[in-house]
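Structures for review follow.
Shared chain: chain A. Partners: chain B in the first complex, chain C in the second.
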Partner chain A sequence: MSNPGHPLTRINRHWLYGALLAIVVIGLIVPIPLPLAVSPEATRFYEAIESAPKDKLVLVSTLWSASTQGENRPQTQVVLKHLMKRHIRFALIAFGDAQSTTLAQELAEEQARIYKYEYGKDWINLGFRQDIAGTLKGMVRDINETLKTDSVNRRPLAEYPVMAGVRNVKDLSVIAEFSASGNYKSWVGLVVGSTNAAFCYAPTSVMAPELYTYLDSGQIRGMLFGIKGAAEYEQLLGEKGFTTRAITPVSLALVLLFVLIGLGNYGMYATKKMEGNS
Partner chain B sequence: MNPIQSFLSRAFPALHGGALAGAVAGCVVACVVAVLILQALPGKARKAVIAAVTFVAGLFYALEFFLPANGQDENILTFAVPTVGNVTNVLGGMTLGLGVLSLIRIHGANVVKVKSGWENSALLLTSMVVMAVAGIKFEQTLFYRSLFRDVLNSFDAAMFAVLAFFIVSAAYRAFRIKSAEATLLMVAALVVMLGQIPIGQYLTHWLPVKGSYLSLLRLDNISNWLLTTVNAPAQRAIGFGLGIGGLAIALRIWLSLERGAYFEAKADES
Partner chain C sequence: MDTASTWSHPIGVWFGAIGTLALFSLIYRENRVYRLFEHIFIGLAAGYLIKTTWTEVLGPQWFTPLFRDGQWPWALVAGFGLLFYTIFSKKHSWMSRIAIGTLMGFAAGQAFQTTASDYIPQIRRSFKPLYVTPEMIPTGSGLTTLGIGLNNLLFVFIMVTVLTYFFFSFEQKNKVVAASARTGRLMLMFAFGAIFGSTVMARMALLIDRVWFLMHNWLHLQ
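Now for the complex of A and B:
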């Protein structure tokens, strides 16, 4: 009869699911008030917005849908909040996922109500574009000619005060991309070399390690490392909102992951020992 | 205005109202006729036409990039970049239409022939039509917002959230330390992840942040060192390889040298 193995190698998966669910719920209800060290990348992202001149436009590009909104939404929210606190005008644009433009619009409207931001005067939505490379190439030359109208009222961009003095990407102070994808390659390849605007990136945690090479070269000025980056940014803003609270379940889930990996490996060695003894 | 730009402005003046609608209709008819002619051509001739169009389309960006620029960083083709960008967006939109057509063809056949699982196909087609109509006709209404926010977004988020449970289960079952490499990977992963979370950072928070050798032992500093000094060069090497591979594939597609189901095989069939 074959050895069924140590009991620790045979934990029913439903217990694992239950443990994760319990830890996430408990973590959300009872946050652990531990300090979070702010990374240099998040600090540079913050400083790029903090030092952006008030008379220049900031471009906020989004490529996220409901699937990654757990990380990308708080990232977008803290940066929009910072822009509105400093009263810097900004333009939204979305690539890749059509959901993105609506989700970013809803988020901007929510923040605009709080900070009394007026559509068309303080901010604008440039809409969704399917092809990022072709669109970015066009925007390097002429934003109005490439995008033509906004996505809310479908009126020519030149009619909006928020677009005054903006011809192409050279007239932007910061480009911030919030993404679940590898869009940064298009931005770095097609736009970063054509403008002095600081390019900052906010990917999901799983994407973040890819970006260190571009942070190292300075092509990406700052980065928010998933929801942790958003929590760091919130800390830099001097606030403690949902994003800071959400770090507790993330931390606990990772600790659970380590514990389970440890248990699985202990079970494996215990099984080998049992087999050696028999 | 350069000679090409001036010629195009004269040949295709800006149109408005009925003239614009007429021009759009004429373009649609011309496209349909072009597709019909393409379908009627023998395989080799069709391949030659497609290869020529692909080459000319790709040539635009290559020439625009390589031709010398004037003092304003523009050359004779730069004026057309926004327009070509819009054309590529339209082409991208057409691929969405192709996807929709394909879905209707496959799932429509499932429903008509009452194949196994036809109910799922019917639900898919109904959902697609309802969402499309809601988005086109009722975008500003509660109906659309509810479908988008309460149904689509909730499903999307739920589908992705389920991954966390599978990751926990998979890590427990599959992450076994059986070799030196696996041990190294495990230790690096542990340090990087602990360095990213407050609980991990708390373990070494009593060490100085910087200015002392002891600061090198802080988990957040070790994590940052692994990401910037160990991970970044590896990512750079992978990116370099991917870049060269991407360039080779791009050249093969541009010059119509690529072989496979979507290229040579189709042309040889007819």
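Now for the complex of A and C:
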């Protein structure tokens, strides 16, 4: 008769999913104040916005959809909040994913209602572009000529007060990209060398590790590391919102995974030992 | 999370909640409800892309200038774009190569520019001083010369060992080279481990977002 293995190797996976769900629900219901150290890259992102001059435009670029909104939405939200708190004018632009422009527009409208931001005067949506390289090359030369109209009223950009004094990327103070994709290479390759604007990046956690070389070289000024980065930014803003709350279940879920990996490995070890003894 | 405008309508909330539960039902086992909602999700995303491409790109950037403003040269763009579709005809497929070749030329030219801007600053930055003087310490950083020196030494050590691992042009028989390559592989494993950990965190964040939506927006528990 074959060895059925150690009981730890025979746990039904549904119990594991159930445990994970329970941890997440409990973590969201019972806020456990776990310490959160703010990383230098999140601090640099924050400082770039904090030190942005009020007479210059900040470009907020988004490339995320419903599938990664769990991370990219809170990132975008905290930075928009910071911009509006400081009353810095900003322009939205979306690349790659068609949902991105609508989701960013909705988010900006929500925050604009809270902070009394006026469309066209304090902020604008430059719309969605499929071709990132061609658009960025055009924006290096002339933003109005490349993008022509906004995406809400379809009026020429030059008619909006928010675009006053903005000709090309040299007239921006910060470029903040919120992305579920690797298009930072296009920004770094085509734009960063052509402007003094600080380029800050907010990727999903999956992509974040590969960006440290860019942070080290200074090509990317600051970074928000997934939802953790959003929680750090929220802490720097002195607020306790969704991300501060969400970071507890994230930490608890990771602890659970550590425990399960440990138990699984012990189960395999014990099974091999049992096979050796039989 | 403040999702007032996105999920303000009860029908939207219910559809979102049912869709979320239907997609999570795969955890239990493969089923038809999951498949139905998977197809709905993909169909919605694809349809939305087509709609947005028209309303945001083709409409204002091509249709309006051509047909409303009378800028006729935009018609040439359509002709060029249509060349791609000749690939479906055996007789005319050679014409698609004109469009493909032109775009490949553009892409290659951009690649030259982006490669230089992308990698050269990183290569330059990889030359780190191993002997650090007090003047090199960034003001207000709280770092020491010893700390920066050790950090730089570690950086250079890892970079050299990882680069050694990627020497595939000759067999790594030399003991020093082989040991360096093995160390480099080990360092790569650490990096992959970090990426895996980050991936897990990303997936947890997506799960938490959905659970929060169900609890907060749908069930009003929080």
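We adopt the following convention: the second predicted complex is superposed on the first by the 278 of 278 C-alpha atoms of A that agree within 3 Å, B and C clash if a C-alpha of one lies under 4 Å from a C-alpha of the other, contacts with A are read in each partner's own complex, and residues count from 1 in each chain.
In this text, a residue touches a chain if its C-beta (ideal position, glycine included) is under 8 Å from a C-beta of that chain, and two chains touch if they have at least 3 such contacts.
Since this is a predicted model, take the numbers as computed values, not measurements.
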Side-by-side fit of chain B and chain C on chain A, or clash: clash
Chain B versus chain C as contact partner of A:N196, first or second or both or neither: neither
Contacts of A:T204 with chain B and chain C, given as first, second, both or neither: second
Touching partner for A:P249 - first (chain B), second (chain C), both, neither: second
Touching partner for A:R129 - first (chain B), second (chain C), both, neither: both
Touched partner set for A:V188, first chain B, second chain C, both or neither: second
Chain B versus chain C as contact partner of A:Q99, first or second or both or neither: both
Partner chain(s) touched by A:N12 [first = chain B, second = chain C, both, neither]: neither
First, second, both or neither for A:N277, with chain B first and chain C second: neither
First, second, both or neither for A:R73, with chain B first and chain C second: second
Chain C collision site on chain B, chosen from 2-10, 20-28, 110-118 or 200-208, when both complexes are overlaid on chain A: 20-28
Those residues of chain A which chain B touches in one complex and chain C touches in the other: 17, 20-21, 65-70, 99, 102-103, 106, 129-130, 133, 137, 205, 209-210, 213, 216, 225, 228, 250, 253-254, 257
Partner chain A, residues of chain C touching it in the complex: 1-2, 4-6, 27-28, 45, 48-49, 51-53, 56-57, 60-61, 110, 113-115, 117-118, 121-122, 124-125, 191, 194-195, 197-202, 204-212, 215, 221-222
Residues of chain A that touch chain B when the two form their complex: 11, 13, 16-17, 19-21, 32, 34-37, 39-40, 65-70, 99, 102-103, 106, 129-131, 133-142, 145-146, 194, 205, 209-210, 212-213, 215-216, 225, 228, 247-248, 250-258, 260-261, 263-265, 268
Residues of chain B touching chain A in the complex: 61, 73-74, 78-79, 81-89, 91-93, 96, 148-149, 152-157, 159-161, 164-165, 167-169, 171-173, 175-177, 186, 190, 193-194, 196-202, 205, 209, 220, 224, 227-228, 231-233, 235-236, 239
Residue ranges of chain A touching chain C (in the complex, touch as defined): 14, 17, 20-21, 24-25, 27-29, 65-71, 73-74, 77, 97-99, 101-103, 106, 109-110, 127-130, 133, 137, 148-149, 151, 154, 185-186, 188-190, 192-193, 204-206, 208-210, 213-214, 216-219, 225-228, 241-242, 246, 249-250, 253-254, 257
